[in-house]
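Across the two complexes that follow, subunit A remains constant while its partner is subunit B and subsequently subunit C.
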Partner chain A sequence: MKTVISRSQVKGDFVNKVAEISGENFFDCYQCGNCSAGCPSVDEMDLLPSQVVRYLQLGLEEEVKNCKSMWVCAACMMCHARCPKGVDISKIMESLRVLRLREVGAEAHIDVTDFSEEYLARAPQIAMISGYRKFLPL
Partner chain B sequence: MEKKLGVFICWCGSNIAGSVDVDLAVAEAEKLDGVVHAENYMYMCSDPGQQKVKDIISEKGLEGVVVACCSPRMHENTFRKAASSVGLNSYLLEIANIREQCSWVHQNNKPLATAKAVSIIEGTLDKVKENLPLETITIDLTKRVCVVGGGIAGIMSALDLANAGYDVAIVEREPAIGGHMAQISQTFPYFHNIPELLQKKIDEVSAHPHIKLYVNSEVDVLDGYVGNFNVTIKTQPAFVDPAKCTACGKCLEVCPVSVADEFNRGLSQRAAIFCYNKTEGAKIPVLGQNDCLHFVNSETDDNDKCKACVDVCPENAIDLGAIRNLNEEFVGAIVMATGYDLYSPEQMPEYGAGNIPDVIDALAFERLLDPSGPTQGQILRPSDGQVPKKVVFIQCVGSRDPERHKAYCSRACCMYTAKQARLYRQQVEDGTAYVSYMDIRSDSRDFEEFVQAGMEEENLVYIRGRVAKVIQEDGFLRVFTSDTLSSRQIVIEADLVVLAMAMEPKAGIRELSKKMNVTIDGDAFLSETHIKLYPVESSTKGVYLAGCGQSPKDITDTVSQALATAGKIQTMFSNETLIADPLIAEVLDDVCSGCGICIDICPYGARIMNDFTRISDVNQAVCQGCGACMAACPNKACELINSTSRQFIRMIGDFAGKAGAV
Partner chain C sequence: MKYPYFPGCTLYTKAKKLDDAGRECSLKLGFELEELPDWTCCGATFPLVNDQHITMSGPTRILADTKDQGNDKLVTLCSVCFNVLKRTNNVMLNDEERRAKITDFIERDYHGEVEVLHYLQLLRDEIGFETLKEKVVKPLTGLKVACYYGCLLLRPVKEIGLDVMENPTIFEDFIRALGGEPVEFPYKVECCGAFQAVHSMDTATRCSRDILRSAKNNGADVVITTCPLCQFNLDDRQPEIQKSDTAFSSIPVVYFTQLLALALDLSADDLGFERNLIDPLPLLKEKGIVA
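Right, the complex of A and B next:
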């Protein structure tokens, strides 16, 4: 599969929005892979954290938009703590989620009925609130 | 009396003539005060152009000349030489830069560019009117050299200089010369045997009639200036008399102290009295004052203090009462070959260095490879002395990490890692070597082939990704990394981890650089004057740079730079005296109040308070004519010769008042 890359894509609206919301310059990233090496959630991700940043550098909007990784990211910030270039990937993941959730007709990425009564009874309130904030359309 | 002035305007082909009306400029110049001749020519710097300038100077008896052409950096020297060849003092010729500062930047407006060119010429004429004829300054030159650091850089530049017949003093902080190279077993890319190579050079140094070696020594004070430095060298007390010691080794056996051996990177223990390394020059033991019980227990009564080594020595060669020495060396030039340290692995807690014994740095691995090292050249892991079957070499540890460590690339690690991994595979046939890398920088002769051969013939497994962490678990070292090429998180269960730590400037370089008055960069590497054209000159005249103190590099580059330094110094020494530009600061004796502000502000240490007259003198040999004192002086007592404030105010008046009037 060939991918055509253009300037309008690399510096396109989508990429600019991610940069603006996250406040991160993903061109700082030199793809060392340290984030992916230490990420505890990689097993559930389809794209490695470093790959998400790489796709953003190339402006590959569709691939990034539809990745599972942004929903899996727990924002533990291990990647940021170790990043030699100081890129905060959890902020990038958060801005990707926000962009998805702001879309017209955005789907919920959590369904409260999926959780057992027993789990809900012992889940801390704050966890539920941040879960809704993270996974539900605004 | 008005000087007779001449103006020569160069077309520079169409570079100037394309946007400046050179005929109109000549006509305007002719009208200016004192001008007796003005003309233009297509290329004034050409031979016929220069001849024109010479002819007119002689013919009309010119007493001042302005050449309006390109930047003075290009041809000031050309025209000044031409002028002095026909008897006009070269400091009475000035360049009016009407190319870089006029025609090139005003290509679309010929009338204004012409007007600006004329005002630049006018201003420069006004400067020439007050220029004094000057002679160059002569400075004495002591043809001796002090080399700070006895690693391979210091050794090679000292040998070159000594072979040229100049006396050299090498100042080495450690008990023996050889530096880090003595810790390394083989070179890349040809697996040359280092102990053999190095020992030859060390022997040459030791036997050389022109080289004086100060080991256990440091530069204490530096006075003076280029051609005339006075270096005070502080030498630690020599507790063992080399004239009496027979290197029998009895003292090493009786010493009750056991500490980690720095030379072996902590892989072995040594006594407080010890041989620094296995080179010939280090056969006579040295006594480490910080470890020796005699000195550590300074409270104890003299009779009870440990004297085990003194008592056992059959030659009475040990004197614990020895004191340190101060020596002075008068030299004309200094080589800063101060070298590097490895960045401390303890800065990388996520890799377990310092906690996990089998996580070692690259120099420690070199010690394992050395046939005269702590394991006789066997690669054995420190924790249990077993042969490691899986070794992970991690590159860029502390390097290329602007967020937390060093932003720069340490340059040698890609290659020595490949070398170490290949040597490991050659020794341990059933072993696997993994190399964690970000980029492979193999940018020199046969380097790329060397790395490729490692992958092809010795099956080194290169994995592209930075390691996140190393933990000890279930009897293994678990190395968590990623392979960005296959987009996978990877865990390797290893027996030994080798960290290619960043190189950093030698400890104490900040204090030393202040003593030597040389500038350092943000990472404390010694700064050169110009990375391309003056790569071995420091910010202070007469002080030169060689080796890793200037930036990380491998042995090849270090030796090249050391030899370049020696060549530079020999060029300087090929003259009987030094010649300096007379365009320097001067002091108006009756205006200077002796406040001393200029002394603090001078970046070259050229201003000295005269204790007798209480005014601030200028050291003509050191002053570079930067003008910092002139700007700082609250009384306007400092002037730059031929760039006085009076001259500059007139020039500014010309530029401000007349521009656009044509």
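Right, the complex of A and C next:
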């Protein structure tokens, strides 16, 4: 795969927006990989948490925008707890999610009809409320 | 001594047993949880982006109500409510710009005056585990307990401040006070998959499997938690785990207040164990904790 890195992308609007609303500085990260080693969701991710940060450093907007990783992040904050530089990747993942969910015509990422009545009868309200807040268009 | 108390939505319904046992036990321990009047849901998520303020209006209103009723503390039992209220309060204390936006919007005057306490913190810091130990009527002798913290009770550590991140001990100290035997297991602060239970079931199943395996491999008879979502994932995922791992044997997952209630000699009939998918009663009977 040919990867083009350009100054306009590295300094681009998308990357700046993610930095602004997450409040995180991607350039603090020196790619030690502690976040990816401790992340409980990596099995379902296409980009490791450390790769998401690396791609943001390089301004690879399309790759990051379309990654699956942001949707399977459980916001457990283990990445932040173990980062030697204090980068909070759960905030970065949430920023990527909300930017997608704020797009005109954004799709819902959960559908309550996918779950059986039995499951919904047992699932606690906090699961549904937080699920709606993380996965429905804003 | 009365403490203002915020139950939260799930503790009023599906996790009623966490709430009931917590309230009953408080009376036995010499304090009372006084439910905040007219409370609303905390929102169940703290916004992790800096430009989203609306989701903090609910928890801010709850905190402002607490203050306006003359209180300087608010107790919660649910880890999610605790995390949301505590982090919102930190914003109210430390972030002038966001505080102004939110308090202007809800037309309330609030500057973070209320201290948000988890019930475990109340037992440790205000009642004292030594006093708790003295009040125990039926010690949990011989019961090996995996104390599962999960995420929201601890993280982010600098903001929550309940205990240290990698090897917290408050839960183990609590179980020791009840006469039980806490087991060390390396997954005690890992995530159960949280809200991925309504999105990526595979994540919730795998995370729960790793935690439960770790607890069992270290000799635990039972897992305890403070969080209704952790309890749900760890309990309800077990049949699914068994499908892919036939060697996996089930383990009950109960709320910490349920074990507290048993140690304080409250009847097991009132503790709602029938809602558990993996029934803890055979184990508790075998250990002589329940007759």
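Here is the rule we go by: the second predicted complex is superposed on the first by the 138 of 138 C-alpha atoms of A that agree within 3 Å, B and C clash if a C-alpha of one lies under 4 Å from a C-alpha of the other, contacts with A are read in each partner's own complex, and residues count from 1 in each chain.
One rule holds for everything that comes next: a contact is a pair of C-beta atoms (placed from the backbone, for glycine too) under 8 Å apart; a residue touches a chain by one contact, two chains touch by 3 or more.
Just so you know, these numbers come straight off a predicted model, no measurement behind them.
Subunit B versus subunit C on the shared subunit A, clash or fit?
fit
Check whether subunit B or subunit C contacts more residues of subunit A in the superposed model.
Partner touching more subunit A residues in the overlay: C.
One more residue to check, A:Asn66. First (subunit B), second (subunit C), both or neither?
neither
Check whether A:Asn25 is in contact with subunit B, with subunit C, with both or with neither, and answer first, second, both or neither.
Neither partner.
Considering only the touch criterion stated at the top, classify A:Lys91 as touching first (subunit B), second (subunit C), both, or neither.
second
Taking the superposition as given, does A:Ser130 touch the first partner, subunit B, the second, subunit C, both, or neither?
So A:Ser130 only meets subunit C here.
After superposition on the shared chain, which partner residues are touched by A:Met77: those of subunit B (first), subunit C (second), both, or neither?
second
Between subunit B and subunit C, once the two complexes are placed on the common chain, what is the minimum CA to CA distance in Å?
In this superposition, no C-alpha atom of subunit B lies closer than 6 Å to one of subunit C.
Give me the intersection of subunit A's contacts with subunit B and its contacts with subunit C, in residue numbers.
Residues 43, 78 of subunit A touch both subunit B and subunit C.
Considering the complex alone, what residue numbers of subunit A touch subunit C?
By the definition above, subunit A touches subunit C via 20-23, 40-41, 43-44, 71-72, 74-78, 80-81, 88, 90-91, 93-95, 98, 109-110, 115, 122-131, 133-135.
Using the touch rule from the top, collect the residues of subunit B that touch subunit A in their complex.
Residues in contact with subunit A: 350, 396, 400-405, 438, 464-469, 480-484, 487-490.
Going by the contact rule set out above, which residues of subunit C touch subunit A in the complex?
8-10, 13-15, 41, 43-45, 47-52, 55, 78, 80, 151, 155-157, 165-166, 189-191, 193-200, 202-203, 206-207, 210, 228-229, 231-232, 236, 277
Can you list the subunit A residues touching subunit B in their complex?
30-39, 42-43, 47-48, 50-51, 78, 82-86
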